[in-house]
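Same chain, two partners: chain A is paired with chain B first, then with chain C.
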Partner chain A sequence: MIIRIEPESEIPIYIQLTNQIIIGIAKGDLQPGDSLPSVRSFAADLGVNMHTVNKSYHELEKRGIIEIIPKSGAVIRKTLHIDRDTYNRLFEMFQPLIAEALVLGMTKEELVDLVEGIMKKMST
Partner chain B sequence: MIIRIEPESEIPIYIQLTNQIIIGIAKGDLQPGDSLPSVRSFAADLGVNMHTVNKSYHELEKRGIIEIIPKSGAVIRKTLHIDRDTYNRLFEMFQPLIAEALVLGMTKEELVDLVEGIMKKMST
Partner chain C sequence: MVFMIPLFILLFLTVIQAALPYFVKRTITFGVTIPEQYIHDERLSAYKRKYTVLASISSLLLILIFCFWILWRSPAEDVLIFISTVFEFGIIFISLALYFYFHGKTKAYKTEMQWTEQLKQVGVVDLSARSEDSLPPWYIYLFPMIITLGLMGYTIFQFNLLPDEIPTHWGPTGEPDAFTEKSPFSAIQLLLFLLLLQLMFLGIQFGMKSSGIKLSATNLAASKNRQFILRRLSSWFSFFTVLLITMLFSFFQITIIHPGLFSNSILTIIIPFGTMILILAGTVILVLKVGRSDKSSQVLVEDPIMDVDEDRYWKGGLFYFNKNDPSIFVEKRFGVGWTINLANPIGYFILFVPLVIILILAFV
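After this line comes the complex of A and B, so read on.
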């Protein structure tokens, strides 16, 4: 799995890393039950600070995507059916993005096509 | 139009304000050609720093949603058909969110329903 970090981006590096890991899981490059690299080795591979990797792992844990298990490290969780709180959180995250797409002139059909196009690249 | 700012949120206040303005436009509460309040009065109304409102207006300008016109202030632009760069930027923003929804157990059908549900609330 290829992680692309753009140091020049406005998006904080730990969020870039979080996003790339989530996309990797969605594409099937990473599977539930897989371990993520140790913080130390991942940081060295990516050329980023250990603190950045650590922050990303905690973000993934908070969102229910990985478990941090003592001695085993970060493990990708098996997903269950989405709960109401998570649905609401996703709703709140999607809303401004959808609003922006429409405001910038995308039609509803184009927006559904965009979403379906992205989903087609994902295996789950 | 009601602006809700949550000072306790992890989302920076200027991004919350930016999102709320975009959602307001998408819902038709604000129309192309409408002026936004002056930085000073908006900051006072919302109980936030003038710098925060200013940063939000510059963010909206950068994304092509408003124009900042000398003397007139911030005016909502008429949208044209979306260009390739904007499409690519939206694609990059949607991708991690869609990945997360799928990874957390949402089905593709549920995700399209979520997107369509949000669009139904928007007038544009």
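After this line comes the complex of A and C, so read on.
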């Protein structure tokens, strides 16, 4: 799987990495049980600081997407169903985005289309 | 006949140095990052041609002077070898001076053309690259090391057989020409150097393996091909070099213990020259295979993107200094092979510690 980052973007590199790994899992490019490269080799391949990759891995671990196992490294978790806390966290994250969309004049149908469009992108 | 060898080496150097701009990574011209969209720019091609022509003419002129000098003075072997080394440095100096001249011109031209202004920089990683990276395993280095340790044991076992004067240097024809007093240390000195060299190469192998697989966002396939070929071939070439050096040093050690064994044998000439010729041949294969590995594909870059411009980490386009990058080595920008990340202390440790120990042992 290929990860692309834009070092000059306003979005910090660790967030770009986190987002791309999540998209990769959603698309099926990365499967539960797959391990991510070691922090050192990932940082070396990209030519970025190891802290950047470390921060991204810890973020993914905090969100329950990967598990950091001593010696084996970062492994993608098998998650069956969303729990209450995660639901609440996502709810909080969606809220301002959906509010912004409504304020800017999106209709309910357009919003549903947008969600379906993104879902479709993930399934291909 | 002896003068043929330095002459051959000088010609070899001339060809390699003059052709270098054509063997470096496709998106680098004289140490400057050029976006994929502009790598076939007319002016840049002209710079490369000029460099090659100027480097060949001036190097050949030096070789001509060298030949006249030989004919005029008919020097002794050791003088000949010394002066040929001076000329080798002369050729390297010429190409380096030309490199810096064109590095400056390319840098100015890139700024003038404002190529990077409209392009977005993109860095890329292939998460599966590590599993496709096939480098030889580290433990193959145990084989030459065991040979060295075995020979040390044998030398100590045969200590009484050793002459009172231990050879420490061999002339161009393989005959010893410098000696030191016999002691348990001087008896195995050569093998200690060999062991340190083997450890250094093992460290280099480790460094190459853990260094980054750098890919290009604008030409993923070609850059991946080049990185894999560079990593695989250069680590096998290192091992091959270690084997040859081990063979050469072991041969010298055996001639120390049993001076009569190979006296007047053709082996005393074949082994040193054979080693040198095989290492030169390996270098040619490495330069050609790696140098051509990313040149065949013609790509069209549709998006307005370019690779991350790392020029600011490359001092003079030659020296890499990047504190963020945990890589120990990175691919050279002018030449084929690796260079050290000067901001990473592990690299100094691998390369300089063994060399410093060898120098201390040799001169104290």
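Just so it is clear, the second predicted complex is superposed on the first by the 122 of 124 C-alpha atoms of A that agree within 3 Å, B and C clash if a C-alpha of one lies under 4 Å from a C-alpha of the other, contacts with A are read in each partner's own complex, and residues count from 1 in each chain.
Just so it is clear, a contact is a pair of C-beta atoms (placed from the backbone, for glycine too) under 8 Å apart; a residue touches a chain by one contact, two chains touch by 3 or more.
Quick caveat: nothing in here was measured; it's all calculated off a predicted structure.
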Partner chain in contact with A:6 - chain B first, chain C second, else both or neither: second
Touching partner for A:97 - first (chain B), second (chain C), both, neither: first
Between chain B and chain C, more extensive residue contact with chain A: B
Which superposed partner A:69 touches (first chain B, second chain C, both, neither): neither
Partner chain(s) touched by A:37 [first = chain B, second = chain C, both, neither]: second
First (chain B), second (chain C), both or neither touched by A:46: second
Touched partner set for A:116, first chain B, second chain C, both or neither: first
Complex contact set, residues of chain C against chain A: 120-130, 210-215, 217, 220, 308, 310, 322-327
Chain A-touching residues of chain B, taken from the complex the two chains share: 18-19, 22-23, 25-27, 63-65, 79-82, 86-87, 90-91, 93-106, 108, 110-112, 114-116, 118-119, 122, 124
Residues on chain A engaged by chain C in the complex (per definition of touch): 1-8, 24, 30, 36-37, 40-50
